[in-house]
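Note that subunit A is present in both complexes that follow, paired respectively with subunit B and with subunit C.
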Partner chain A sequence: MSILTALARLLIFPGILFAVPAAWFFLWVERKSVAMMQGRIGPPFMQPFFDFIKLLGKSTPQRTGVAGALMRAWPLIAVSTAAGAVGLLPVLPSSGGFQGDLILLLALLEVPSICIIAAGFTSRSIFGEIGSAREAVLSVSYNVVFLLAIISVAASQHTFRLEALAQAPATSLRWIGILAVLICLPAKLHLNPFSLPNAEQEIYSGPMVEFAGPELAMWELSHGLEWVAATGLVATLIAPQMAFWGLSALAFVALSFGIVLLLSALAAATARLAIDTTVRFYWQCTIIFAVLAVSSALLMRLRS
Partner chain B sequence: MSYEIPMGPYHPGLEEPYKLNMICEGETVKDAKLHIGFNFRGIEHLAETRNYIQVIALMERVCGICSFIHTLTLCQAMEKLTGLTPPPRAQYIRVIMGELERLHSHVLWAGIAAKLMGFKTMFMTCFEIREKVMDVLQAISGNRVNYAMNRIGGVNRDIQDPLSILAMVEALENEMTRTIIPIFTTSKTATSRCAGIGVLTTERARSLGVVGPVARASGIGQDLRKEAPYAAYAEMDFSVPVVPDGDVRARLLVRALEIMESCKILRQALAKLPPGEIAPPGDSSKFSFVTGTATARVEAPRGEVMYSVSWKEGARMPSRVHVRTPTYVNMPAVRFMVQGARLADTPLIQAAVDPCYSCTDR
Partner chain C sequence: MNLWKRLMCYCRRRSPWLFHLNSGSCNGCDIEIVAALAPRYDAEQLGVRLEGSPRHADILCVTGPVTRNAVCAIKTVYGQVCGPKAVVAIGSCPATTNVFIDSRTLDGPLGKHIPVDVFVPGCPPRPDAIIEGVAKAAQILAERGDEVPEVITAAEVQA
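Right after this comes the complex of A and B.
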């Protein structure tokens, strides 16, 4: 892989140039599909982009000191790490060079969540702090399943390289892993029934309560990028490998779109669960998945 | 370490302004203090400056959801002071409007409860059905919120074609049986948010004197439509749903069952609507009152509404109009309902009382 190709992948597709419009597109798909399921018209196609531009144009109260600097920094860190995670997705086949690393991708995917927790506490709002505490508890709960799923899939294929993982033949363990990741995605993306950290009716959207203007625009963008990265990760694991790169890209986008629709349907069909029910759910999932993963791994070892 | 978290007076989870200061430890609420009075408009004083025609229009503005019930109660009190009795057809029309308003209120409440659970799809469904209830109310009265139906001694508008209204009511009943009631009683995420939370025991409910669906969900089978029938309720065959559990789920169940009972009453009233006048003959703008105080009680969607009206003979304006609304009686119970509850459940617990501060603060 030449340096130019690598740069093109990081900056154009599936990198920044693709990821940012895709983030707005996925946000629109989510809002539009939920609206249609609820019998509403929903927002126009360009609405997430307009929201972003409008928020960028707003002035925010001047915050001084370390807290002010941090409140400006957290959304920027969240955006850059989420964009980096999208850039790492091995949508196009390559021949050597930087192929994307699973552990780096997982770390980058986790940073926006950490930024949200930190942002809530930095804002010093009681609602932000409660939201951050909920996000922290939620994060600990679903991440066990999420990481266990990804890592056991990777370990079974003897590789932590994303591209090699994407090209490896599908096994039963891989499908269990994909299912487990799908179960974790609503919590990762703060969707119903696991939307409790940003519950509007209880804690005024939690950690985001003190953010406005360009900072809020960055949070919205980071949320959109998380959508692209998280759905893209699942799409990468499901997508069949094609000889022609255009078809691979198309399959990636189509699968991501399908996952967005699936998650939106789940969000529209459920109420928000309370924190203890959510934690219980994910720990039960952890036990079930741990049993399945260990038994599948043992079976695979015995067969090989 | 405990901390105090304010909910209100302006909060996305509240329909109207009031404040609940909660003392929490972690996500658990230890105690709560309630502050009301943010919506005070001085309506009772204004009533003393309006004549017997104007005061009906004024009291209709006490509440946007149960506007009919307020004028009905006021008119019933004024009818006692004027000695007028509404004709049977007017009594039936009052039952029909009262039950449609109950449907409207309960469906609206179901939507708000769904929104507080984060169940926005259900919220949209409820509000879509509420629109249809309002269409029926509009078909009868010409208005969607303040119906201007009541007058002293009868009603202002007749139901010309009861069969068409009956068809609309049956369509509504089918839709509610298909959507709201099964989702609220079977959806796992919805019931997990309601079961066992905000419990008000029968003893506590009795000692606090709660009324309406809150009392019936705590095992107290009180309903003025049965115990002290007014309008044409004595001629209706219906039952009063009572659930003993006292939690939010019980309040939800009581209201869901009341929706079905309201449809039953509506079908009977529309089918048996007697012929005749809708108001007593004579000049509808001149009434003579006797000196005294009259009270009237009506079972509003949220519970018992009581009006006490004082008049002096020969006067055109009341000397005192006092209103007691169900929310004023029910809200002290919220403090006991939220003690030990999760913070996430508090908006739903307070909403399960179906508070109306427009009525309470007046």
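Right after this comes the complex of A and C.
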């Protein structure tokens, strides 16, 4: 029974069967809301699906040796880890089976970004290398806030287990943590104003510049899955636990959708920032957040 | 198998990604391409996306009369677009070299160097004409499938 539940979570909900269409849907929402904010009609509903199938049917440049194998491997690793991260989200109350903890989820969420950095350097294109360097700098700066936020959420509930975290009542420290995670999400998902690693106009879409056909399709999919995983993480932290599993699944989907709308609106309303501004922004966030988190953690300790 | 092919045809028609290559254009055609993507014409409704890298593109949009310096770049970029691919020549310049004909800095028209699938005439063409050209090229892409030989040499194109 427990293995069945674990498999169902990984393969059906919130795993692959839910996550892949949701990834396409979120990609569509991203493009559609940008279009609507610019006064356009935007792409049709099935557009990300059309793009995906079309990319699968395109040829890829001949690449040999280790670099060729690596360039085929990076997008696959990114997709599988992002899908694994979605599968770990504690949306449904599980009865035993495999229960991941927050640290595993964070590690899985981080792998796609590492793959992107490695992919840019593997492609040996100058634009890819610049994009990868930017991505590396960006991930160093936002990850400090991100990890601090997650750790403070975990510390406020005295547990790293996802299940317990999702069920625990929200404290003020947890809300600060959720806010900090939300601030990090645009950088994690490469959205405006922090979209500088994959700037289309300046560096020809950065690390992705040499990828074509099915490899690019996998990158698009992994980007969509990252959307699902990252917004899902915030949604599970916010969502109240319902008695009936259908209701909690519904709350999860609705909250994720709301966060996607919020982030897309932010992306449409802002322009790309330069790397130094971005890094300064995140380090200032780090300082503010660190002071807040440490002081409220101390207060909580003193009170209890 | 057949179903997969039909799906692929449909998706190719619905998702043309462009790469814009300027081969010495006066910039008139370039801003019309941008206008085709802007709110009034909104080519994204057809799934059109302007890509940053030729590797991601399906359709190469070339503007300008092909200067000598641009020839090498055009051939390189055409080679970098992965198949199946189509080329749209935007404006009168790539079709005939237009008012710049007989200039010694030119090595046009475009058909001399790469096979062109759709010509969009005009100086500059209207955005709706550009969108129609791109839609035609997407249709060609869908019908062509993987079978057609990719590189047609310049001599064949001229004949």
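Brief remarks follow.
We take it that the second predicted complex is superposed on the first by the 300 of 304 C-alpha atoms of A that agree within 3 Å, B and C clash if a C-alpha of one lies under 4 Å from a C-alpha of the other, contacts with A are read in each partner's own complex, and residues count from 1 in each chain.
The rule we apply is simple: contacts are C-beta pairs under 8 Å (C-beta built on N, C-alpha and C of every residue); 3 or more make two chains touch, one makes a residue touch a chain.
Bear in mind the structure is a predicted one, so any value in this text is a computation, not a measurement.
By the touch criterion defined above, A:Phe257 lies against neither subunit B nor subunit C after alignment on the C-alpha atoms of chain A. Shared-chain residue A:Ala271: touches subunit B; no touch with subunit C. Shared-chain residue A:Met37: touches subunit B; no touch with subunit C. Once the two complexes are overlaid on the shared chain, A:Phe121 sits clear of subunit B and of subunit C alike. Considering which of subunit B and subunit C touches more of subunit A, the answer is C. Using the contact criterion defined above for the overlaid structures, shared-chain residue A:Lys58 touches subunit C, although it does not reach subunit B.
Looking at the shared chain after the overlay, A:Trp175 reaches neither subunit B nor subunit C. When both complexes are overlaid on chain A, the residue A:Trp283 reaches neither subunit B nor subunit C. Residue overlap on subunit A between its contacts with subunit B in one complex and with subunit C in the other: 38-40, 127, 199-201, 203-204. Taken together, the subunit C residues at the contact with subunit A in this complex read 7-8, 10-12, 14-15, 17, 38-39, 42, 44-45, 47, 49-53, 55-56, 58, 80, 82-84, 146. Per the touch definition, subunit B reaches subunit A in the complex via residues 3, 5, 11-13, 27, 114-122, 124-125, 128, 187, 189-190, 192-193, 342-347. Residues 31, 35, 38-44, 46-47, 49-51, 53-54, 56-61, 127, 199-201, 203-205, 208-213, 216 of subunit A are the ones touching subunit C in the complex. Residues 34, 37-40, 126-127, 130, 192-193, 195-196, 199-204, 268-277 of subunit A are the ones touching subunit B in the complex.
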